[in-house]
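Shared between the two complexes below is chain A, which pairs with chain B and chain C, respectively.
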Partner chain A sequence: MSISNEILLALPELSLLSMACLVLVVDAFSKDPDHRITYWLTQISLAIVFLLVFTSIPDEPRLAFHNSFIDDAMSSVLKCFICAITIIVFLYSYEYLKENKLMKGEYFVLGLFAVLGMMIMSSAYSLLSIYLGLELMSLSMYAMVAMNRKSAAASEAAMKYFILGALASGMLLYGISMIYGLTSSIQFTEIAAISMTSVENSRFLVFGMIFMIIGIAFKLGAAPFHMWVPDVYQGAPTSVTLFISTAPKLAAFAMAIRILVDGLFPLVADWQSILMVLAVLSMAIGNIVAISQTNIKRMLAYSTIAHVGYLFLGLIAGTINGFAGSMFYIISYALMSMGTFGMIILLGRYEFEAKNLEDFKGLSGRSPWFAFIMMCLMFSMAGVPPFLGFWSKWFVLKELVASGYFALAAVSVVFSIIGAYYYLRIVKLMYFDKPDKMTAIKATKQMRAVLTANGLLILVLGLLPNSLMQICLTALAH
Partner chain B sequence: MSEHMENIYLAIVLSPLIGSIIAGLFGKLIGRSGAHWVTIIGVAVASILSMFVYKHHMFDGAPDYNAAVYTWLSSGGINFEVGFLIDPLSVTMMVVVTFVSWMIHIYTIGYMHDDPGYQRFFSYISLFTFAMLMLVMSNNFMQLFFGWEAVGLVSYLLIGFWYKKDTAIFANLKAFLVNRVGDFGFLLGIAAVLMYFNSLDYFEVFAQAEGLADTTIVIFGDHAWSLMTVICICLFIGAMGKSAQVPLHVWLPDSMEGPTPISALIHAATMVTAGIFMVSRMSPLFELSETALSFILIIGSITALFMGFLGLVQNDIKRVVAYSTLSQLGYMTVALGASAYAAAMFHLVTHAFFKALLFLAAGSVIIIMHHEQDMRKMGGLYKKMPITWITCFVGSIALIGFPGTSGFFSKDAIIEAVHHSQIFGSTFAYYAVLSGVFITALYSFRLFFMTFHGEERMDKETWMHLHEAPAVVTVPLSVLAIPSLILGAFLIGPMLFGDYFGNTIYVAEKHNVLHEIGSHYEGIMLFTLYAFKHPPVYLAFAGIFVAWLCYIKFPDWPGLIVSRIKWIHCILEKKYGFDEFNQKVFAGGTRCLGRMLWKYGDISIIDGIFVNGTARSVGIISSVIRHIQSGYLYHYAFAIILGLLVLIAVFVHGVLN
Partner chain C sequence: MIELIVFYIFGALLLGAATMVVVMRNPVHAALFLVLAFFCSAAIWLLLQAEFLAIALVLVYVGAVMVLFLFVVMMLDINMVTIREGFARYLPFGLFVAILMFLVMGLVVSSDYFLSDAFSTFSHVREGYSNTQHLGQTLYTEYLYQFEIAGAILLVAIVAAISLSMSKAKVTKAPNPGDQVTVKKQDRLRIVKMDAEGKE
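What follows is the complex of A and B.
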């Protein structure tokens, strides 16, 4: 493949890089306190990248840059979702930053670089490129968490995130070096081919793999590598929490598939058992500790941990359908999480955040429509049919049972019953409790419209889950 | 023609339904007179068309009609259909139901004149007419059950029509619960039919019945039961509930809490006879089980005699009529048990008219007395209400079987039929129905004398304002009086001994008592004269005479008699203790059991240990392990390292293996 063709494959990433640099320069010269130009340029860049990816979804996987970059259906689908989700996240964020007087151009620039990192992670086909993408994404996000410098909680959260992130990165790198030492390759197909044959080294391969799995588990927030999640979710500005809890999860999922399925599939039996431990721990800790939370962002952090446990179930199934189920799970989780944090932003005002569960009391009286949207989101998170969240659980559990893991499926159902409690508690607070104060909701029309669409999407996709499932299946078909 | 007829059948069923829906849902819009017009027109259409259909089938000799008009669902090879079976049995019922209902609609205008629930009442009674027609016109068990439950529902709604009255609410709940007991048996019967015949269509079932006559089934233990006996007794338990046979009769006297027009329509003339109709309809099944027939015969004769006794001690005018209804239903049941289905149907028809008449007459008295129902506060009313008086007299002589009246023919036929029956229990039944005649005459004329004759026991003020009831009341009374008087003479020949029912009713050769009586039958004149050679007529006269002695000639006698035989009076006052027994044992026992299950099963075990216990433990675990999240960075890092070490220990070094 000629170098120009290779560059063409990476066109979306390259355009995003140039656009990010352009936005950085434009913002430096912009005097607008609302950073409108920066915001709109950012959105336009994401839209362009979305279109570039969307119009060139390949039928066959194509490799470039010495086989360390791949352009296939999965990467394209994930990139499309990452861009689309980020556009909506930035729309919510813009409202939030303006309301809370945190508006800075860097937010969008860092955001664009993080998206670039995610896209590289989705397309990475060697250990080196995956690490590059991961670090680009992580570093941007450490800075975003710390953006509200006046807030001690945000700084503390950023500090914890950064240090623990560095630790996890170190472990990932150590794992990479182990694998490289054993297979003398960093390219996934080669690693797969060599580890298939080198039976005598399998114990060392597992040793290296454990370090890499910890890297993945840290990014996704699986127990016991989840400790940063509650503190960062709570401490970071809500718009940043919103961002962290959505698009990066898709990239982390891509990383998991690339490393475990494309690279280390010969060790499937080992990583299935490891993931099983992590899944059960995540579901247990996430669901049980979420019950005793009073801060909604912290509660949602534990809910994320629990959801990651369910995500792993699809990977544990070890089949294409199972992986597709996981992909369905992570996409629907991103959509639900986006709506929920959007709702927190909607209810907040300057120097007041709807951070406690109490703030949702009597929402049905203040705004019946948004109480209904929130109810859809909570039912979906709890996995009540006919909402999207029901199907995501259904698909992974179906594959898990099909692969014969009955006990694990039963355990996860028990935990999802426990989990239903704290989601339904919000519904109860909204509909059955009297509000403490009747303040009107202050939000722009576009915020209301997008949030409404977000909530209804959960319902519509819940009624027609097969379209999304079909996309996931084709994405993983090769 | 048949296409055309199908539309007529549909119109008969649907016009009361449409009337009911309009009066019920748009009652406010169309006002009071709108509500009574729309329902009366609906029922009138049904009634006139029914008469047309009657003529078409009975006089013009149209063949029976049996077809489905709509398939509701099809499952497991069984079609659940809405269909009509129009044959002599159903057209007879259709004419009786729609005609009586029509008269009662008109009467209601007067009776409910000042009631705030006027439109609601009309809506309910029209709905009842629809449900009853669905029941009698059905050609399958499912629709029969639908109609059966629907009339039960409307009966419930109407007994509790005055829903602010505690006694009415008690009575309608009681009626509903007692009927549930009956319906349980009925449903079991239908389920058994479905299970063994694999069809719900009447004719398909009847066609197979002969073949399954000797089948036995094992229910529990190893005793083999005859399938037919089980099915028939189960179905008859349904009839016992709906037609108020001992011991499921307890709801009917209490149902008098409802407005009088519905007591006449539902709890005397039509709904309560559904059980009689159903057994007649199922005659091909019942004829196959002599055990079931004996069971029916004995239950019927107990009801006929013992419920009559209770009529003697009641002072509430409506309750006397109610107990007489129970007793007459007993007569019909006895006829069924003796395989004289035609006689049962005949009595059903004549009874519908004269009992509706008696109720409406009682109602007429009640309106004029300003809703006073105690006969001890009446007397001498014949001077003020001549039309009511004369029509009530007609109803009473029909009821006691005065020679020549409708009731005479139908009741005498039943007594004769039982006399000729050979099955187990027929001797007891014969004496029961025979003594019943005396009792019937006694309580009927007790009511008649206490209400219309003797001294005026109400206060002067009331007496001054008494007057005849309005025309909407007296016209239906007069219209109903005519069939009460003469219908029997017209019907007895064809219905009992002729070919009236065609093949609709099947009677086994050895049970065919009516045929035996019919062989001596030579016209109504001779039948009437022949009756004078038998005790029933004299017993009836004796009853009237005793009533005259006790309530006109020597009014202190009843008091004296009661003081002599206090204990019997006490038993009768307590209605043999059925109510107390049910209240204590069934109601009390069920509530006690429910409370125990609730307290120990639900609250302490399910809620306490399983539900709340689990939730509590999860909550405790949650509040403990949340403290792992200490907030210290080095704890977090330590957790990561610990996780790493454990994973390596387990998966690389195989510590657990």
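What follows is the complex of A and C.
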């Protein structure tokens, strides 16, 4: 393939990079304190990239740049979701930043670069591109967490995130260097081919793989590498928490699939048992510790940890259907998390964040409609049929049972019942408790409309889960 | 033979300089010895025919990083007494770690792998071979994509650093000549009507 064709394959990435640079320059010269131009340019660039990816979803995987870039159905689908989710995240963020006087043009520039990093991770086909994409994404995220410099909690969260993130990157690199030392390649197909044939080296390959799994687990926030999650979720500005808990999870999922399935599938038996430990620990710690939380952001952080545990269950199943189940899980989690944090932003006002569970007391009296949307989201998170969250658990568990892991499936069902308690507690607070104050909800029409659409999407997709599942299945079919 | 002599000279210099970095009381002197240590390592790289690494070490570390380091050392008023306070307390632990690392390194170097013939002879690269050229060619062809991403990462680092450290408040007190020329009397002078005060 000629170099111009290869560049065309990476057109979405290239256009995002150039648009991000344009936004950066335009923002430097704009005098508007609300950064309206920056915001709209950012949204337009994301929409353009979305269209570019959406119109060129390939049937066959295509490799470029000396096999370090892949354009296949999985990367395209994930990129589409990443762009679409980020557009909505920025819409929520814009309201939040304006309301809390945190508006800075760099927020959107760094956000665009983070999206670029996620896209690079989704279509990386060598260990080096994965690592670079990861660093691009993480670096932007660290800065976004630290953006509110007046808040000591945000600075502390950023510091923790940065140091632990650097440590995790180091672990990942250590694993990569071991794999490279044994296979003398950083390209996934070659690594897969070599690890298939060299039996005498497989013990050392597993060693390198463990370090890479630590890196993946850290980025996804799986126990026991979850220490940063609660602090960062709580300390960061809510709009950044919203961002961190949605789109990057899709990129981390892509990273897991590329490394474990495309690269190290011959070692499937080894990584299955490692993931099993991570999954059970995550589900246990996430669901049990979340019960005692009073801060809603912290509670949702523990709920993320638990959800990552369920995500791993699909990978443990080790079949195409299981991986598709995991992909379904992570996409639906991103949609639910987006709605929930959007709701927290909606209920907050200047210098007052809906940070405690008590703030949801009697929401049905203040705004029956948003209480209903929040109820949909919480039911979905808990896995109550017919919402989306039920189906994501259903698909994952079905594949797990089909692969013969009955005990693990039973354990995860038990933990999901434990988890249902703290989701349903919010519903109880909203509908059966008296509110402390009856202040009206102040939000723009846009925000209300998108949040409504977000909540209804969870319900509609829950009624028609097969359409999304079909997309995930075709994405992973190659 | 000549190579071996040169290696031992620079090796000894490197060890000496590295020791001085730790021992020196004056931080500026320590930083200067670090420059010497980098320079000696660059010479050893050259001896190993890795001229690109040697040049990069001198340009990047000696030229840029160490100068910055010196600036920081000179700007900050570091109280050496407080830094040295824990020396005796941490010495046993430090010695333990150092001996452990020394033993581990000894184990690795004395393993069969490093004692094999491949390491006992030093092979010269063929004449006319330039590893700078080779590196450049690989970097801009095979690793073009990764190279561009690395560029984006550096850009993000700049944006992040500026956005986190820049405060919007204008702190400069520099006068604007244009404003000074166009200033009117009423901008500066305030005439207040007052009743005359009597003598006390």
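Here is the rule we go by: the second predicted complex is superposed on the first by the 478 of 478 C-alpha atoms of A that agree within 3 Å, B and C clash if a C-alpha of one lies under 4 Å from a C-alpha of the other, contacts with A are read in each partner's own complex, and residues count from 1 in each chain.
Everything below uses one rule, namely that contacts are C-beta pairs under 8 Å (C-beta built on N, C-alpha and C of every residue); 3 or more make two chains touch, one makes a residue touch a chain.
Keep in mind the model is a prediction, meaning the values are calculated, not measured.
A.B. asks: For A:19, is the partner it touches chain B (first), chain C (second), both, or none of the two (neither)?
C.D. replies: Neither partner.
A.B. asks: Considering only the touch criterion stated at the top, classify A:207 as touching first (chain B), second (chain C), both, or neither.
C.D. replies: So A:207 only meets chain B here.
A.B. asks: Does the superposition put A:68 against chain B (first), chain C (second), both, or neither?
C.D. replies: second
A.B. asks: I'd like to know which partner A:140 touches here: chain B for first, chain C for second, both or neither.
C.D. replies: The second partner, chain C, only.
A.B. asks: With both complexes overlaid on chain A, does A:109 touch chain B (first), chain C (second), both or neither?
C.D. replies: A:109 contacts chain C only, not chain B.
A.B. asks: A:291 contacts which: chain B (first), chain C (second), both, neither?
C.D. replies: first
A.B. asks: State whether A:331 touches chain B only (first), chain C only (second), both chains, or neither.
C.D. replies: It touches nothing on chain B or chain C.
A.B. asks: Name the contact category of A:216: first (chain B only), second (chain C only), both, or neither.
C.D. replies: In the superposition, A:216 touches no partner, neither chain B nor chain C.
A.B. asks: Given the complex with chain A, which residues does chain B contribute to the contact?
C.D. replies: 615, 618-619, 621-623, 625-626, 629, 631, 633, 635-637, 639-640, 642-644, 647-648, 650-652
A.B. asks: What residues on chain A touch chain B, complex-wise?
C.D. replies: 159-160, 163-164, 167-168, 171, 203, 206-207, 210-211, 213-214, 218, 224-225, 227-228, 230-231, 270, 273-274, 277, 285, 288-293, 418, 421
A.B. asks: Quick one: in the complex, what on chain A touches chain C?
C.D. replies: Touching chain C: residues 10, 17, 21, 24, 64-66, 68-69, 104, 106, 109-110, 113, 116, 120, 126, 128-129, 132-133, 135-136, 139-140, 142-143, 146-147, 149 of chain A.
A.B. asks: Can you list the chain C residues touching chain A in their complex?
C.D. replies: 141-146, 149-150, 152-153, 155-157, 159-160, 162-164
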